[in-house]
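Shared between the two complexes below is subunit A, which pairs with subunit B and subunit C, respectively.
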Partner chain A sequence: MAVFFATYGSLIVAMMLAAMLALSLYLPLLAGQLSLASPGFYALGGYVAAIISTRVVPFDSATQAYVWRLGAHEILRFPGPLYPVSLLIVEMLVASVLSAVLAVALGLPALRLRGIYLLLATIAFVEILQVVTQVLDLTGGAIGIFNIPQPFASQLGYAWVVVPLLVLSAFFVYRLERIRVGRAFTAIREDELAAAAMGINLTYHKVLAFTMGAVLAGIVGVISAHSINTWNSRQGTFDAGIAYLAFVLIGGSRTFLGPIVGGIVLYALPEVLRGIAAIPGLPPALAQLLKDGRLIIYGLLLVLGTIFFPQGLIRPNLFRRRKFEATRQVPGQV
Partner chain B sequence: MSLPLFFQQVLNGLAIGSVYAMFAIGYTLIFSILRIINFAHAAIFTLGAYFTYALTGSAFGYNGLLKNSALPIHLPFLLAAVVGALLAGVVSIVIERLAFRPLRERGADPLLSLVSSLGVAVVIVNVIQYLVGAENYSYPAHPYGNLPTAINFGLGTRRIPVRTVQIVIFGVAVVIMLLLTYWLNRTKTGKALRAIAEDATTASLLGINTDRLILLTFFLSGMIGGLSGALIGSSVSIAGPYFGISFGLRGLAVIVLGGLGDIPGAIVGGVVLGLAEAFVPAQYIAYKDAVAFAVLFLMLLLRPQGLLGGAQLQKV
Partner chain C sequence: MTTHAAEQALQGRPMRSVALEAEQLTRRFGGLVAVNRVSFDVGEGEIFGLIGPNGAGKTTLFNMMTGLQRPSSGSVRYRGAEISTLRPDEIARRGLARTFQNIRLFGNLSALENVMIARHVHTRSGVIGGILALPLARREEQHTHERACELLDLIGLLGRAHQEARTFPYGDQRRLEIARALALEPTLLLLDEPAAGMNTNEKQELSIFIRGIRDRFKLTVLLIEHHVPLVMGLCDRIAVLNFGQLIALGAPEQVRQDPAVIDAYLGAE
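Presenting the complex of A and B:
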């Protein structure tokens, strides 16, 4: 068991992070808004973590401590060599606030308009952020930022942060779907015009859903930056957005469980396929496809999923319907 | 900025702008009929470039499943580009049948068609990478035969050279736009297509074969996409399977500039974006790739109906 966790610790953590990224894309989708902004906010969160932990509060190897200086004055000192978890939480807060501000600025103009404008604006946002972070010195230019300190002794240690965060965000979305705001989101998704006629403020709710997703993605970025140890502009790309979208749509876009299960399962899928590819006797072309064809498989799943399972694999009454099946007598009804 | 340099930049802008315009026409054609953005268009564009490369009989490189293989035929570039475009059109038809039509028949949310077209794009791009690897490919030298590589537009000592390839692309883009505009506005098929764009159900009640016309639209869009892929590939070489995606994302900015679904608008949008990129000051050149997206953003803020568009009525 210990060996298992040592080998797969980082995979397990990454699977849970993928589940949260899928949730971050699910939130705007709950209000019927397709957004690919999550990789952008994820990258932003990662840069917040990288900059704070390597530039604002750098490690002082002489005293084995993380020291925050303003000019020549030393303000705070944290004993090392492990990065303090309290600072990790501060980073998450900073990333949340930044993501929220940016999300409102981005969402307001795009969400006033109906249709695909949000999608276009979010694609533009991800691309602009990628170019800007590639150029700026603050973000380490094209090379990025290295040696981001570790708050935990092992990769599995991240579970101390990631598990509570996943449970918390899952519970948050679970509750959200059952309160007034969440109901307003679903109403907008089902019929904008009818929702507006019921007195629901469309722009406010759409921006709110979008901002919630952005904050979650920013927080995940903070954890990822520490876990991966290095951060650069290739962390948040258009492709990554499509992968998250696959997580949500295959997992299920009608209940919070969908993106969580989708993220966990689909993130692990390439590892499983790699295991299958290692079975001796497979034709080399097939083994190669199983090993490197992650994106081909995601793409196929997106096409097949939208055609055959438009609501994803996990639907809201997946578990509920069983009870009624025995009593239902009407033939031919699905 | 001196006058010759200014003209040079304007011509450069027009050249790259016509590339964007040609790209955007393919998007726009489908958007104007079906009101969906076909993300697979970027992949079709890449496919056109690779088909053409294969048809010229050139060999594929060191990676991928098809390494060191080549077709036994050696077509001249222009013929290869035309055949490649036809093949791209056929692939586009297959995509419409497999990824769009099942959704349309079910009356699914347009967002779902968008997602399935994204899926198709991802599959095509990665299959290309799987088959022929991710390296750069260049067409055989002198694709346009004996034409000079550049034509001088300046006078006397002030030379303003423009590459012939770029003039060809510009010319082809203008011709395609004129043909499409004529076809859509003046012919019976074009009118039928506009009827479908207005209301598909009513159009089919009036005896218009909607499915066949939509197939035709996809074929044309795929052909234009494939042809632009080959032409642009002959200008800058095929930079790997993701070659089309970067143009595709900029193409989104172009169609927003031109107003979604507006064909003359797509041309204007392409040229405006090309000029905007050409006039980025030298000290900010690193930000050039962000110009298209900044423009997209500004348009969303200021004129979401596009440069040429009038106020739009929101249909219920």
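Presenting the complex of A and C:
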């Protein structure tokens, strides 16, 4: 068991982070806004963590990082000092505030665009951010920032932060779908014009949904930067956005459970496929595809998924039947 | 406004308070003038009909009154305040609610959710209060639910409150849209062809229903309708539009005998 967790600790943590990234894309989608800005805010959060922990806070991460590079498989505990978790939380707060400010500044003009144009604007945002971080000294230029210190002794230790965060964000979206603000979001998704005629301020709610997603992506970026140990402009790119989109569309875009299940399952998929590829006797070409064709397989799943499961694997109807029976009596009681 | 009231007094008609005023309202689409300098006013508590052949500009007029389209010129005042420059949601907050000619329900949501959404302007709990189910938010949610159920009961759809809106028969969808508009607690209700696609019986019932909600909720009603008998029987006053122009305005009897109206509907000669 210990060996299992030592080997798969980082995968388990990354699966949960993927679920949260999928949620960050799901939030604007709840208000009908298809945005691929999440990777940008994820990158931003990562840089916040990298800059604070390596440049702002005097923390000697050199020894720690050296040991880290010996390989996670052999080393379960770090001999060096651990980066304080309280500072990790401070980083998350800073990343949240910055993401929110940037999201409002970007959202106010961008959310005037509809459909494919909003999508293009958010892709442009991700690209611009990538280029900017490649140039700035603050972000380590093209090389990026190394030796980001570890707050936990093992990769699995991140679960102490990631599990509560995932539970919290899942609860947040679960509740959101059932309250006034969430209803306004779904109204906009269903019919913008009718929603406006019913007194819902479109701009306010679109920007709000967009900002919520941005904050969540920023927080995930902070954790990822520590967990990966290094951060550069190749983190949070356009392909990552497509992967998150696949998580949401295949998992299901009509209930908060869809993106969570989609993120967890699809993130683990390449590892499972790698396991299958190792089975002896497979044709080499197939084994190669299973091992390296992550994006090809995501793309294929996106196409097949939209044809055969247009609402995704997890649909609200799966639960509605029972809910319907349960609430049938309500009108009489009220 | 004051001169207007004075005019009425001079004409010896009883004083009535004006709810909605359109003044020289014009909307151009490129070279086409969809609505051309239309002026009329609707009194408080009145049921006011807007009729005219297809393409006469009735829906455009509605859209300008509810903020979906800006007038090219002219003004719309509601209870004395200019509303034609406001956003649709701001106009909804001022007590104007509408239905749409081609029903625009939130199709994938339940009937109950449709009506609950329209309680938006009468609630104010935010994200944090809602997520943590703080007392204010909880009270508001419960009240929203109760009010929505009352309105569904009024239109007889309470038993199917959890059914998706798009699965309802046409007539039920029309009434659900009215219930959703009523959830805004409007003072002026704008109905865009509420009887479209209904049979004679249903039209009769709808007529009674509209009178009923006008009295019960103390509404002013402005409605677009094609079906002349329905309009004649239901409305206190009627305005007739043809090619964007107001060609007649007055009590149903008066309008029915107006030669310009007969021309527009039956053709000249």
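List of remarks:
FYI, the second predicted complex is superposed on the first by the 296 of 334 C-alpha atoms of A that agree within 3 Å, B and C clash if a C-alpha of one lies under 4 Å from a C-alpha of the other, contacts with A are read in each partner's own complex, and residues count from 1 in each chain.
Criterion: a contact is a pair of C-beta atoms (placed from the backbone, for glycine too) under 8 Å apart; a residue touches a chain by one contact, two chains touch by 3 or more.
A quick note: this is a predicted structure, and the numbers were derived from the prediction, not measured.
Once the two complexes are laid over each other on the shared chain, residue contacts for A:L295 go to subunit B alone; subunit C is not touched.
Touching more residues of subunit A than its counterpart among subunit B and subunit C is B. Once the two complexes are overlaid on the shared chain, A:L193 sits against subunit B and subunit C alike. Once the two complexes are laid over each other on the shared chain, residue contacts for A:E127 go to subunit B alone; subunit C is not touched. When the two complexes are overlaid on their common chain A, residue A:I12 makes contact with neither subunit B nor subunit C.
Shared-chain residue A:I145: touches no atom of subunit B or subunit C. In the superposition on chain A, A:R183 contacts subunit C only, with no contact to subunit B.
Shared contact residues on subunit A (touching subunit B in one structure, subunit C in the other): 193. Interface residues of subunit A, counted against subunit C in their complex, comprise 171-172, 175-176, 179-184, 186-187, 190-191, 193-202, 208, 323-324, 327-328, 330-331, 334.
Against subunit A, the residues of subunit C that register as touching in their complex are 66-68, 87-89, 92-93, 97-98, 100, 104-109, 113, 116-118, 120-121, 123, 125-127, 130-131, 133, 137, 140-141, 144-146, 149, 152-153, 158-159, 161-162, 180, 184.
On subunit B, the positions that touch subunit A within their shared complex are 37, 65, 98-99, 102-103, 106, 108-116, 118-123, 125-127, 130, 245, 249, 252-253, 256, 286-287, 289-290, 292-294, 296-297, 300-301, 304, 314, 316. Across the complex, subunit A meets subunit B through its residues 32, 34, 109-110, 113-114, 116-117, 119-121, 123-125, 127-128, 131-132, 134-135, 193, 238-239, 242, 245-246, 249, 285, 288-289, 292-293, 295-296, 298-303, 305-307, 310.
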